[in-house]
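Next up is a structure, given as structure tokens.
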Amino acid sequence: GTTSGTPTATEEALTELGDGEGQVSILAWPGYVEDGTNDPAVDWVTPFEEETGCQVTSKTYGTSDEAVNLMKTGEYDVVAASGDATLRLIAGGEVQPVNTDLIPNYEGIYDFLKEKEWNSVDGQSYGVPHGYGANLLMYNTDVFTEAPTSWDVVFDKASENAGKVTAYDSPIYIADAAVYLMAHQPELGIENPYALDEEQFQAAVDLLKEQRQSIGEYWSDYLKEIQAFESGDSVVGTTWQVIQNVLADSGAPTDVVLPEEGATGWSDTWMVASDAANVNCAYEWLDYIASPEANAQATAYFGEAPSSDAACEFREDCEAYHAGDEDYASQIWYWTTPIAECVDGRTDVECVDYAQWTEAWSEIKG
Amino acid sequence: MTTNATAPTSPPGRGIPRPKATTARRTSVFLSTHPRTRLALLLSAPLFWLALVYVVALAALLVTAFWSVDSFTGQITTEWTLDNIITVLTGSLYQTVTLRTIGVALLVTIIDVALALPIAFYMAKVASPRARRLLVIAVLMPLWASYLVKAYAWRSVLSQDGILEWVLAPFGLHTPGYGLTATIITLSYLWLPYVILPIYAGLERVPDSLLEASADLGGKSWPTIRHVVLPLAAPAIIAGTIFSFSLSLGDYITVNIVGGASQMLGNLVYTNVGAANNLPLAAAIALIPIAIIFGYLALVRRTGALDNL
Amino acid sequence: MRLSRLSRTTLGVVAVLILVLVYVPLFVVLVNSFSTSTSLSWPPPGFTLEWWQRAFRSAGAMEAVGTSVVVALVSTAIALLLGTLISFALQRFDFFGRHAINLLVILPIALPGIITGIALNNFFRTIMGIPLSIWTVVIAHATFCIVTVFNNVIARLRRTGTKLEEASADLGAGVFTTFRLVTFPQLRSALLAGGLLAFALSFDEIIVTTFTAGSGVTTLPIFILNNMFRPSQAPIVSVIAVVLVIVSIVPIYLAQRLSGDDEQKAP
Amino acid sequence: MTDQQPAIRLTGLTKEFGAVTAVDHVDLEIAAGEFFSMLGPSGSGKTTVLRLIAGFEQPTSGTIELFGDDVTKRAPFDRDVNTVFQDYALFPHMSVLDNVAYGLRVRGIGRKERIERARRALASVRLEQMADRRPAQLSGGQRQRVALARATVVQPKVLLLDEPLGALDLKLREQMQVELKQIQRELGITFIFVTHDQEEALTLSDRVAVFNNGRIEQLGTPAELYERPVSRFVADFVGTSNLFDDQTSQVLLGRGGTHSVRPEKMTVDSSADASGDGVHTAPGTVVETIYLGSGIRVVVDLDAGPRVSVLEQNARNRARDEDRGDRVVVSWHDDDVVALGGADAAPAPAA
Amino acid sequence: MTDQQPAIRLTGLTKEFGAVTAVDHVDLEIAAGEFFSMLGPSGSGKTTVLRLIAGFEQPTSGTIELFGDDVTKRAPFDRDVNTVFQDYALFPHMSVLDNVAYGLRVRGIGRKERIERARRALASVRLEQMADRRPAQLSGGQRQRVALARATVVQPKVLLLDEPLGALDLKLREQMQVELKQIQRELGITFIFVTHDQEEALTLSDRVAVFNNGRIEQLGTPAELYERPVSRFVADFVGTSNLFDDQTSQVLLGRGGTHSVRPEKMTVDSSADASGDGVHTAPGTVVETIYLGSGIRVVVDLDAGPRVSVLEQNARNRARDEDRGDRVVVSWHDDDVVALGGADAAPAPAA
């Protein structure tokens, strides 16, 4: 990799595929690579192995940052990375460009997921989109008799539910505050919540520090949030659609909205390690996991929208996730790694990079 | 093999043969007359292991604290800098979190000792041998229910509509909810067996005759405990506190589960190494608990507590 | 100690109360393993045996238990060997640096796990360039398990002294024969107790493991942690915990029996 | 004054441990100021009686009175008796001075006074200079004296001593015996002294109770016990005895019953010239002569059967001429023959 | 035969522990078949000498020969000497039989033969029935006998015994003394016996070495030691002595120097009628009479100064009439006065 802050494509993508190496090692979010060992009913790895002869070993990670770290070990051929990790992986030279022509199933993927700033650099694709989702606003319907429409319930009006507000525990959550400020303090001139200059960033941090007073707990694993909303320990905060689905199943009094300010969200990308030992099997996996059935299974199990309409054929809950709803999707600011060179294209200022986001996040939590 | 390897001047062994001069025997003779060799052989393997694996790793970590990391690529820059140390020493965040962590660790330790003493005393000095055996099993068993499971169980217990609220509500009391209090409660719970066991072992070693001597001289139960039992069990108690204190000092998982929005030193280290990928800063933060533990060990070293872990 | 009836009773009641407190969360875990709620909510909305069935069919759980057992067994074995050697060295010899070595043995357990974890992680990956695997976990676990064996063995050595070994040498037994016939039998129960503790410590270790486990190495705590992020897996974890607690009675009881026998033997 | 009453009165004192009856209906009165010893083989219940008196054990039945007060149900710290333990039970974490002051401290006596009194007690056992040491830094005899000072500083009415000299060297023990006796005389406290060393019991005590199987086999002054043992057990346990069973007595003494003659009451001569009125003689062969320093033990196989042991003092005008195999005549006076009572227990099971 | 050579020859044997010289240039020869005792106060180096002979310690300088072989550098298991330890050091995890068979087992003797031999050894100490017990299930005396059987079954040339009777009751100890002596006679093995009990040493031994501060103070037969101690230390340590310093000797004996007279060589009379040729008399006052059973110790403060102790045998025709405060005359024969050599160490520091 280079030491500058600019991601550059230093390698050429593969031009043709060879025979499978017989194995592939995958790093992914929990629930992305299920081989039936946890639940025999949940298994899309075995068909892949039978089909391609590539034996899968997998490791899961808990946060994007962990993923970046693990990729540095060079032990993995494939990684499923969210937008807040992809650029770092590209910049660090951990992943290689992907020749999408070699992936037949790439075709069917929603266009609004292709060639975005979090999965491509200079028009060169670095991976295959997987699933996506928004960080929605969840609320307790007993407490909020009327559905809130704005994020103000967790920011300016958070004190009304002091101690029962929750938020996602990651530096990337600072972007949520930026999204809110974009609508409520236009004078800051925020164009993209991932491209914040010093002043904009400080405003977001201040907002979060104020919010901190009312926070009951931050969540990062969703069991924690499900429990908290079910028991009433949390009544309002960011969430994922899948959490609401689980809660709805158990009859908890909760609902979600996509507030008027829009929301942050994620679109995950399957990428290939730059020094992948099993590059052919890696491409096989990228193609397989983009295939409608496998994609449907994996995204359904994790609880997010699939990457293609064809996948929705295999799912009954596409509605709930607003899959393929371009309008809905356009309101989402997908996670992107903040870097010094502002991703919104500004060149007159330097943006605050992720390392500082991390530091600020620790300070916000205190 | 020679059977007449014995010195010729020795009288015959009257029917008892001398042991055969095998290689093992010769080695044995050599070893038993060369104590230094024996010591060297004993020490080499464990020292090799501990020095190579542990000391080197720890030293490397400490060295890393003086390096820095390239913020975008995450590569470590091996240039000496005191930045991280200065950040850690002067940053108000680190001071607050350090104080909070020490506070939590101290409270956990005090609670654990307070809980462990009566039960350990009961086990060691009051219970019948049979009851004692059962109690030891009862204390050891929870160790096997995974740490995480127990932490989540406490999350459930401490919840707004958890079992604790359910029990306390009739008395007009409420669960503390998630936060530092919950962290302290949960950590105390998790480390309690590690504190009970050394204290129990220590109390068991206090001879009954000393307790009798105290009673004989007019010491009632409380003076006996204060003047005789506690001082004699002190090394064991300190050994127990090393467990609860050190384990609390480094914890980041429990506080994550029941700590609400609070964070401790462990979280900062974890965030920096796991999330921010800033090992140098993490190493610098790690210096804080290392310094605290070393200080504590130095303090308690002469009490003989280290023999009681 | 002859306490008044009142103090005995009070003490007994306090002891029982503490034990009850210790078991309440475990009881919650037990209840959860039969609860229809997937998120451990209280009170349980309904009763089901589904989790128990699924737990026993969960190959991942079984595999994780297997991995944990392997890791714990191997690291316990290493710890037994190294811990015994070092106890002999420190108990039977007086030499310069004894105290430093004593401290060195204690350090891995006295320093917070996260420090040991990141130090070893950094050591394996950056310094040695070894890929993380199950063996790096074993090495890490063995390192902090040495102390439990060390403490048990050195206490026993201190108590038994060298008299029996001298008696054996006096009767004509060489160094190795003496160890096999006299020293080892004397140490057996101490080794068992130390080994059991080491096993338990390794079996439930999560922090150091997180930092030293290679890809695909899923020990039970890691499995549990991962499953906390998956939908509908939490109750299965409860089932595993309950089973572990119940199964653990056997080794604990055996260890108690064996060490109890030992005490009877000593006049 | 309560001094008219016995210091200790045990009535029907019994203690059972499961199936073992450690103490079996013991009745006993010990006068104030007495040096009283309990003598008996291992396991005969001596320690248990002491622990009952101190209050560490509760009797199964029977009562314990202290100067007329029934203390049977009282806690140890509520009884005016103190104990010197066999292993001394000094508090290892306290200095010698603090050990001695402990009893005063738990009684709430002010710091200054208790230090002064403790110092005085230490002085009485000649250990003033050791005040600041830890017990571990003392020799056995010094520890024993600290234990004594610790027990006496609170001025108990009765002092219980459980084989306090058992752990000491022979030479040291002899010294300590003298000191103990002196201290008892000075303080005038009732001493109840447990030992299994008969010589110690005889040397020190005003009265001795010989225990066997949880019962008192004989109670009396040292001379009574030694000169007029009531049973074979006592004759054998207290000093050395030559015992003649019924049959041998018939032959040697001309009457039935069990009898005992002390070795020092017998003489060995090369011929039977020492016979006189009431003097028994019996020929035999010398089996062994053992040099004891102050005396010589001559072991003779009598032709009439038993093997006897004769003790000759190594005095000025003794001509030591018996050798193994010599033919000799053993003689003793009929006055020195003790008839042993009917309650003839078998000798204590030993080894 | 090698029996002509000394069983043990120590030459200039020295052992230092840091600053402490535990054994200080000891030269000693012990004949084969001898019952040899080492007597001395605590810390005088007896155990260290034994451990040097057994090979548990390496001497700082000097050599150890076993029947002419220099074994100084040999490992303990390479020496033909066996030890009976003070606390017996029986293997608690083995049965009595396995304990006894241990030495045979490590010599590779077949199972059948070693069991047979072990049984025979057990029989010789009369413990056949205990073969299957664990050591913890035996009494002290039984354990002691097992230790003896274990050490003798391998037929060592020399048996080392470190206070083997120290842990036993007085009564039991007396019994075991007799047995030990018997076994030694039967086996004909050289015994080196460590004790601090002078009576035991005198009773059992052919020769005794008295240790003090790591050196041999006197070496000789029991009678030599007792009757002709070379120093004040020996006179005091072996038996009881009445010591007269230079000045007192002048007054009482009419000559200078330090002298000692044994209590049993003195007599007490109410008047000075027993004087004769070579008899010294001295008037005094009775301070105390102590009843010892077999004798009576009369302590007299002589008018001339020193306090003396007189031992009267409690024999048939003794009229015990001395009482505290009585005026008496103490007399002894000049033949019984022992002049103590110049090498006059202060009495061993005790207590």
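Should a chain be cited, it is by its letter among A, B, C, D and E, assigned in written order, with residues numbered from 1 in that chain.
The rule is short, and it goes like this: a contact is a pair of C-beta atoms (placed from the backbone, for glycine too) under 8 Å apart; a residue touches a chain by one contact, two chains touch by 3 or more.
In UniProt terms the chains read B, C = ABC transporter permease; D, E = ABC transporter ATP-binding protein.
Note that this is a predicted model, so its numbers are computed, not measured.
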| item | value |
| --- | --- |
| Of all other chains, the one whose Cα centre sits farthest from chain E | A |
| Pair of chains whose C-beta contact count is the highest in the structure | B-C |
| CA centroid of chain C (ABC transporter permease) to CA centroid of chain D, Å | 54 |
| Chain centre separation in whole Å, for chain C (ABC transporter permease) relative to chain A (CA means) | 38 |
| For chain A, residues that touch 2 or more chains besides their own | 223-224, 227, 231 |
| Numbers and ranges of chain B (ABC transporter permease) residues touching at least 2 other chains | 19, 28-29, 32, 152, 155-156, 159, 161-162, 212, 215, 224, 273 |
| Sites on chain E at which at least two other chains make contact | 75-77, 106-107, 154 |
| Sites on chain C (ABC transporter permease) touched by chain A in the complex | 37-42, 45, 54, 57-61, 63, 125, 131-132, 214-216, 225-234 |
| In the complex, chain B (ABC transporter permease) residues that touch chain E | 7, 9-11, 13-20, 28-29, 32-33 |
| Partner chain A, residues of chain B (ABC transporter permease) touching it in the complex | 69-75, 93, 96-97, 152, 155-156, 159-162, 177-178, 256-257, 259-263, 267-268, 271-278 |
| Residue ranges of chain B (ABC transporter permease) in contact with chain D within the complex | 207, 209-210, 212-220, 223-224, 227-228, 231-232 |
| Chain E residues within the chain B (ABC transporter permease) interface of the complex | 1-3, 58, 67-69, 73-78, 80, 104, 106-109, 154-155, 157 |
